[in-house]
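Per-chain residue numbering starts at 1, and chain names A, B, C and D are given in the order in which the chains are listed.
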Amino acid sequence: MNRINQVFKNSKDILSIYFTSGFPKLDDTLEIIKELDNSNVQMIEIGLPFSDPLADGPTIQKSSEIALKNGMTTDLLFKQLNGLRAITDIPVVIMGYFNPILQYGFEKFCRRCKNVGIDGLIVPDLPVEIYQKDYIKITEKFGLNMMFLITPQTSNERIYKIDKFSNGFIYMVSSYSVTGAKNSFDEYQIDYFKRINKMKLSNPLLIGFGIGNNNTYKTACKYSSGAIIGSAFIKHIKRNGVKSTKDFISEITE
Amino acid sequence: MNRINQVFKNSKDILSIYFTSGFPKLDDTLEIIKELDNSNVQMIEIGLPFSDPLADGPTIQKSSEIALKNGMTTDLLFKQLNGLRAITDIPVVIMGYFNPILQYGFEKFCRRCKNVGIDGLIVPDLPVEIYQKDYIKITEKFGLNMMFLITPQTSNERIYKIDKFSNGFIYMVSSYSVTGAKNSFDEYQIDYFKRINKMKLSNPLLIGFGIGNNNTYKTACKYSSGAIIGSAFIKHIKRNGVKSTKDFISEITE
Amino acid sequence: MENFNINKDGFYGDFGGAFIPEMLQPNIDELQKNYLKITESTDFKKEFNKLLTDYVGRPTPLYFAKRLSNKYKTKIYLKREDLCHTGAHKINNTIGQIILAKKLGKKRIIAETGAGQHGVATATVCALMGIECVVYMGEIDISRQAPNVARMKMLGAKVRSATSGSRTLKDATNEAIRDWIANPIDTHYIIGSVVGPHPYPDMVARFQSVIGYETKKQLLEMEQTDKPTHVIACVGGGSNAAGLFYPFLNDLDVEIVCVEAAGKGVNSGESAATSILGTEGIIHGSKTLLMQTQDGQITEPYSISAGLDYPGIGPMHANLFKSNRGKFISIDDDDAMKWGLMLSQIEGIIPAIETSHAFAVLEKMDFNRDDIIIFNCSGRGDKDLDTYINYFKL
Amino acid sequence: MENFNINKDGFYGDFGGAFIPEMLQPNIDELQKNYLKITESTDFKKEFNKLLTDYVGRPTPLYFAKRLSNKYKTKIYLKREDLCHTGAHKINNTIGQIILAKKLGKKRIIAETGAGQHGVATATVCALMGIECVVYMGEIDISRQAPNVARMKMLGAKVRSATSGSRTLKDATNEAIRDWIANPIDTHYIIGSVVGPHPYPDMVARFQSVIGYETKKQLLEMEQTDKPTHVIACVGGGSNAAGLFYPFLNDLDVEIVCVEAAGKGVNSGESAATSILGTEGIIHGSKTLLMQTQDGQITEPYSISAGLDYPGIGPMHANLFKSNRGKFISIDDDDAMKWGLMLSQIEGIIPAIETSHAFAVLEKMDFNRDDIIIFNCSGRGDKDLDTYINYFKL
C-alpha cells in the first residue's frame, strides 16, 4: 500500500507541509525534510519551482523565483532526493506545474519519482480529463498516487469525477484564492467544508490554501482529515531559518 | 502738385529710404527724418509697425517688434509727425499694413496724414480692387497719393490696372521674396525690369526689395526712376546708430 | 432669405475677401479661378472620395452616445472625426488640397501648424503623394508639441521654426505666407482651417463639408430624419465646425452652436474667446473677427488647447455670430478638461482638448428629451495626454 | 483534407486545450459551454456588429498602397486596423468579450497588457459599458509605456503593477489569472490575444475574423476576386494574424505568412522568434510553442516592440508552423524600425512597431506582378513615437 493511503488509514489530524525545493538555499531540500520528519508532520509536499506559478500567491512565487535563481532544476531535485528514504518514512509528494514535468518527460519524471521514493504527485494545471486520457497509465505503472484539487466552485458532478481519478486524498482548496495564509475561515468556507463532507467521497480530504495558524489548522482538521500548509511555513523558515521548523510545527499543532 | 509727383518730375536716380517708426528708439522718428533729409535722399517711407508684417523679412519684422515693444502707436506717430514739415520738404509716405489703419479709421487716418504733411500711402495688403471700390474717394479727398506694388508674377493686364489706380509711382518688387537686402540682381530680374519698362506705364517705377548696396542701387536706377531701400538701412542704423545715416547713404550712392 | 454661404465676391456678409499683398495675387488668383472648376470635376471628386474612403477611413461613424444621452436626458450623437487617419478632421482638407495642388502642377507644399494636427495631416498627404513638404511651426509650439513634431519628421516633412513675434500659430502662419511669397510658382500653401484669403475659407469648408453630409445621411437611417435639432462644434479657426454646419447653414430649424475657448476665463486676459473679445479687422488676408489692440495690433490668445489658440475665427463664423445665426458659447480650461475626462469615462473616447470644449455645453444649455444633438468629435486626445496627465495628476 | 481550424476538443492539431488549475475550471467551463451559443446568437451578433460599425469605425478600409506597390512591383493592400478606435485591432476582441461578459452577468473585468494597447482597448469597452476594470501590467512596462498607462487611467481603469518574475507581459498575465482565481464568480478575464486556455484562442480568433471577412468582401470589389495570393501579419500572441487569416486557413491557394520579432537577432539571446527558438510546452493554460529552458522554465523574450515580446504564440499558429501551412519569417529590430520609417514616408502611415515587422518581408520574399498581397496594418505608431524618435534621433 502506498505510504499516502497508509497514513490516511492510520492517522487523523494530518499535517502536510509544502516547501519549495531550492529555497532558501539550493541544498536545503533534505535538511528541511529531516526537520519536518523530526517535527512529526505526517506528510511532505516538495515544490518543484516554476517560473510562472499561476496558482500561487506572492510567498510561494518569491520562493520559486529564488529557488530558480539558486540554480534549482528537475534533475538536481532528483539527485538531492536520492537520499530521501534514508532519512524519512513519511509520505512525500511532489507538487509541480505541468510544463517542467512535460519537458523532463512525463514517464521519465515518474520513473525517477519512483526510484527516489516519491509517493505521489500534485500537478495543479493538469486537468483530470487530460490525466485520465494520457497519463493515468504512466502513474499507475510507477505506483504513484495522483491527487487533484477541488474548490468551492467545483460542481458535484466534477467532484465525483475527481474523486474517481484521485488516489490518496483530495486537495480541498479552502477558498477562491491563490495560495497564502489567512487567520480564520468564514462561514461560507465552513458551509463548503460541510457540503463536501456530506458527499461521502471515496478519498479522504485535506484542506489547503489559507492555513497558517493553530486556529485554521484545527478547523481544517474538524472538517477533513487534516491540513496542508505552504506559504506560512515558507515565510517562517525564510525569517527564522530551516532549523526553526520544529517551533513552527508545534505552534500550529500545539 | 503732390510732392511725390514733383520729385519724379524733377529728379532721377531717386533714392527712397524706408524705416520703421519707433525703432531703434521710440522717439527717433523725426531724428531719422532729419538725418535722411541731410543726406539728400529724395523720398522717405515711414513704416507704421504691425504685429504681423507678412510681406516683410526678418530685419523689418524685428524692427517692428521692437518698435511696438517701445510703445509705438498710430496716434503717437502722428504726434511725432506734427513737426514733420518744419524739418523737411521732401516727399514722405507712410507704409503700413491695412489692419492698424482700419482700426484707426481709414478716413481719420487720411485726415491726420494730410494734417501732418504726409504725401501718400503704401498699404501692401490692400488690393487695388478693394481700394478702388471703397477707399479711393477718401484718399483723393485728402490729396494723398496711393502707390501699389507689382511683382515679376503680376500679369500685364493687372499691371495696367495698378498703373491706373496708382498715383506717384509704382513699387516694382524686384523678386519673389519678402523684404531683405541682396548683393545683386540676376538675369531674370533684369529681364523683368526691361519687360516692365517696355510697357510704357503712366507712373514712374521705383524698384524695391533686395536693394542694399551701390551695385543694386545703380542697377535699379538703370531700369527705373530709382530705388527703395529698407532692410539694409535698418540694419545699418541698428548697428551704427541713427547718426551714421549719412555714411550709409553716401556708400549707396557713392 | 438670408444666405449664410459665401457670395460670389468671396464674402460671408461683411466678412471674408482677400486682403493680400500683391506678391500673393497670382497664387490667389489662380486658386480663385480654378478651385471650383477643379473640385467640382468628376475626376477630382472620384479621387477625393476614393482617398477619403480607402485612406482616411470615411465615412466616420455617427455614434449614438447611450450613456451620455441617458445622463443628460436627450439624444446625443457623436460624429467620429477622431477616427480619421492621423486623428482629427484636419486630413479631410489636406486630402482635398493635395489633389488640387497636383492638378495645378505644384511640386512643393507648405503649411502652418499650431498643435501639430494640421502639420501631421499635411505631412501625411505629402508622403502619400511623394511631394516635398515644409511645415512652419512656432518655436514655442515645437517644444511643447514634441510628439507631433516627431510624427511630421517620421513622415519626411521639414519642420521649420517660426522665431518671430509670439512664436506660435499666428507667426507660423506669417512665415508660411512669406515662404509662399518667395515661392509663388511651384508651391501650394495648404491652410489648415477656414481662414486666410478667399477662396481658402470656402474651399476648406467644402472639403470639410463631408462631415455634415455624412451626418445627414447617417441620421436619416438612425432617426428617420436628416435634421438634427442642434449641431455643436468647437471653433479654433472653425474648420471642423464649418464642415459639420455646412449642409445646415440655411436651415433655420437646426440650431448652430459654436464653442470657443475661454482659456482662464473670458475676462482674465488669457483667453481665446474671439466672438466676445474680438473686433472686426483683417488677419491673414481675411476680414473677420479677431483679437487685437485698439491700435490694430493682433494679440496673442491663450487656451490650454493649442488648436483653439488662434486670434481670429473664419469669416463664415464671424458672419454666423454677427447675424445671430449661430449661438456662441465659451468654455474655460477647467471645464474643458473636466469634460475630456468625463467623455473618456462615460463613453470610452478620449477626446482632443479642442473637442472637449464642445461637450461642456451640455451643462450650459438645456435640451429636450427629443432633441437630436450632433457633436463634432473633431479629434482624439492622444496628442494631449501629457496635458491631461499633468492636469489631473494621473 | 487537413483542417486548420480548432477541433471540438479545443485543439489545433497537437496544440491548444485548457491546462488550467482546478480553481479556473468553473470559469473556463462556463465559457466553453456558452461562448458559441452566445456569440452565434442573433442578439449578440447585432450588438457586436453595431458597436464595430458605430463605435470602432468598421469596416476599416482595404487600402491599395500605390507607391509601395510600384516600388516592389506587385499589388500591395493594407488592411487598415490602425484606424480602429484606440489605434489597433485589439478592440475588435474587447468589444466581443465585453458583450459576452455582460450576457454572462459579469460585473467586473480584468485584463493583462504589455504595450498597453490591449489594456487601453479593455479600459475603453469597460468605460463604454460602465463596468469596473482592472488591468495588470508589468512594473517595467508601466514605466516604459507611460502614455498608455495614462490613457487607461483617463478611461477610469485601475492599473495594477505586476511585480513578480520579469515584471513584463507574461507576469501581468499570471497576475490576471491569479485575480480571476480569487474572483471567479463576478469577474470576466478579457485575454488580449489568441492565447490562453480553450476557448480563448478560438473565441478571440472569431472576434478578430472580421478583419479577414471584410478583406474578402473588399477585395472582391477591388480585384474581382476574394482570394489574395498572400496574407501577411505580425505575430505576438497572434490575434491580428488569426483575424486576417481566418477565412483563408483552409484555402491552400492563399499563402499565409507569419512575421515574428527576431529582436537583436535570432541567435543573439535577445529575441522573440518563438517558431525558431521555441519548443512545445504549456504556457498560460495552452499547449503551444514557447520559449523555455530545457527544464521547462519560461524564458523572457526580447523585441523592440512591446506587443511582440511574448514568449509563446497562439496554438493556431503553432499548428500552422508545425504543419507547414504557414510560412514563418523573423525580422530583427533594425529592419522593423527601417520599415516603420519607410511606410511613413512612402504612404503617410506611421505604423506601430509590431506592424512594421510585417512589412519588412517585402525584402525577404519574392513576389510576382500579379500577386495580391494583404498586409494587416494592425496598429498605428503613436504609442511608439518615443522609440522611433530615440532610434532615428529625429
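Keep in mind that, in the parts below, contacts are C-beta pairs under 8 Å (C-beta built on N, C-alpha and C of every residue); 3 or more make two chains touch, one makes a residue touch a chain.
Since the model is a prediction, treat every value here as computed from it, not as a measurement.
Trainee: Can you name the chains that touch chain A as well as chain B?
Mentor: none
Trainee: Once the contact rule is applied, which chains count as partners of both chain A and chain D?
Mentor: Under the touch definition, chain A and chain D have no mutual neighbours whatsoever.
Trainee: Would you kindly tell me how far, in whole Å, the mean C-alpha position of chain C lies from that of chain B?
Mentor: Centres of chain B and chain C (C-alpha means) sit 37 Å apart.
Trainee: Give, as an integer number of Å, the spacing between the C-alpha centres of chain C and chain A.
Mentor: So the centre of chain A lies 66 Å away from the centre of chain C.
Trainee: In chain D, which residues are in touch with two or more of the other chains?
Mentor: none
Trainee: Please list all residues of chain B that touch 2 or more other chains.
Mentor: none
Trainee: Which word fits the touch map of the chains here: line, ring, star, complete or other?
Mentor: Its topology is that of a line.
Trainee: For this structure, enumerate the chain pairs that meet the touch criterion.
Mentor: Pairwise, the chains that meet the contact rule are A-D, B-C, C-D.
Trainee: Applying the document's contact rule, which stretches of chain B touch chain C when the two form their complex?
Mentor: For this pair, the touching residues of chain B are 50-58, 61-62, 65, 68, 73-75, 98-104, 124-127, 130, 148-151, 153-155, 158, 162, 173, 176-178.
Trainee: Quick one: which bits of chain C touch chain D in the complex? Just the residue numbers, please.
Mentor: 53-55, 57, 60-64, 67, 80, 82-85, 87, 123-128, 130, 146-147, 150-151, 153-156, 340-341, 344-350, 381-382, 385, 388-389, 392, 394
Trainee: Quick one: in the complex, what on chain C touches chain B?
Mentor: 17-23, 25-26, 164-165, 170-171, 174, 177-178, 181-185, 279, 281-285, 292, 294-299
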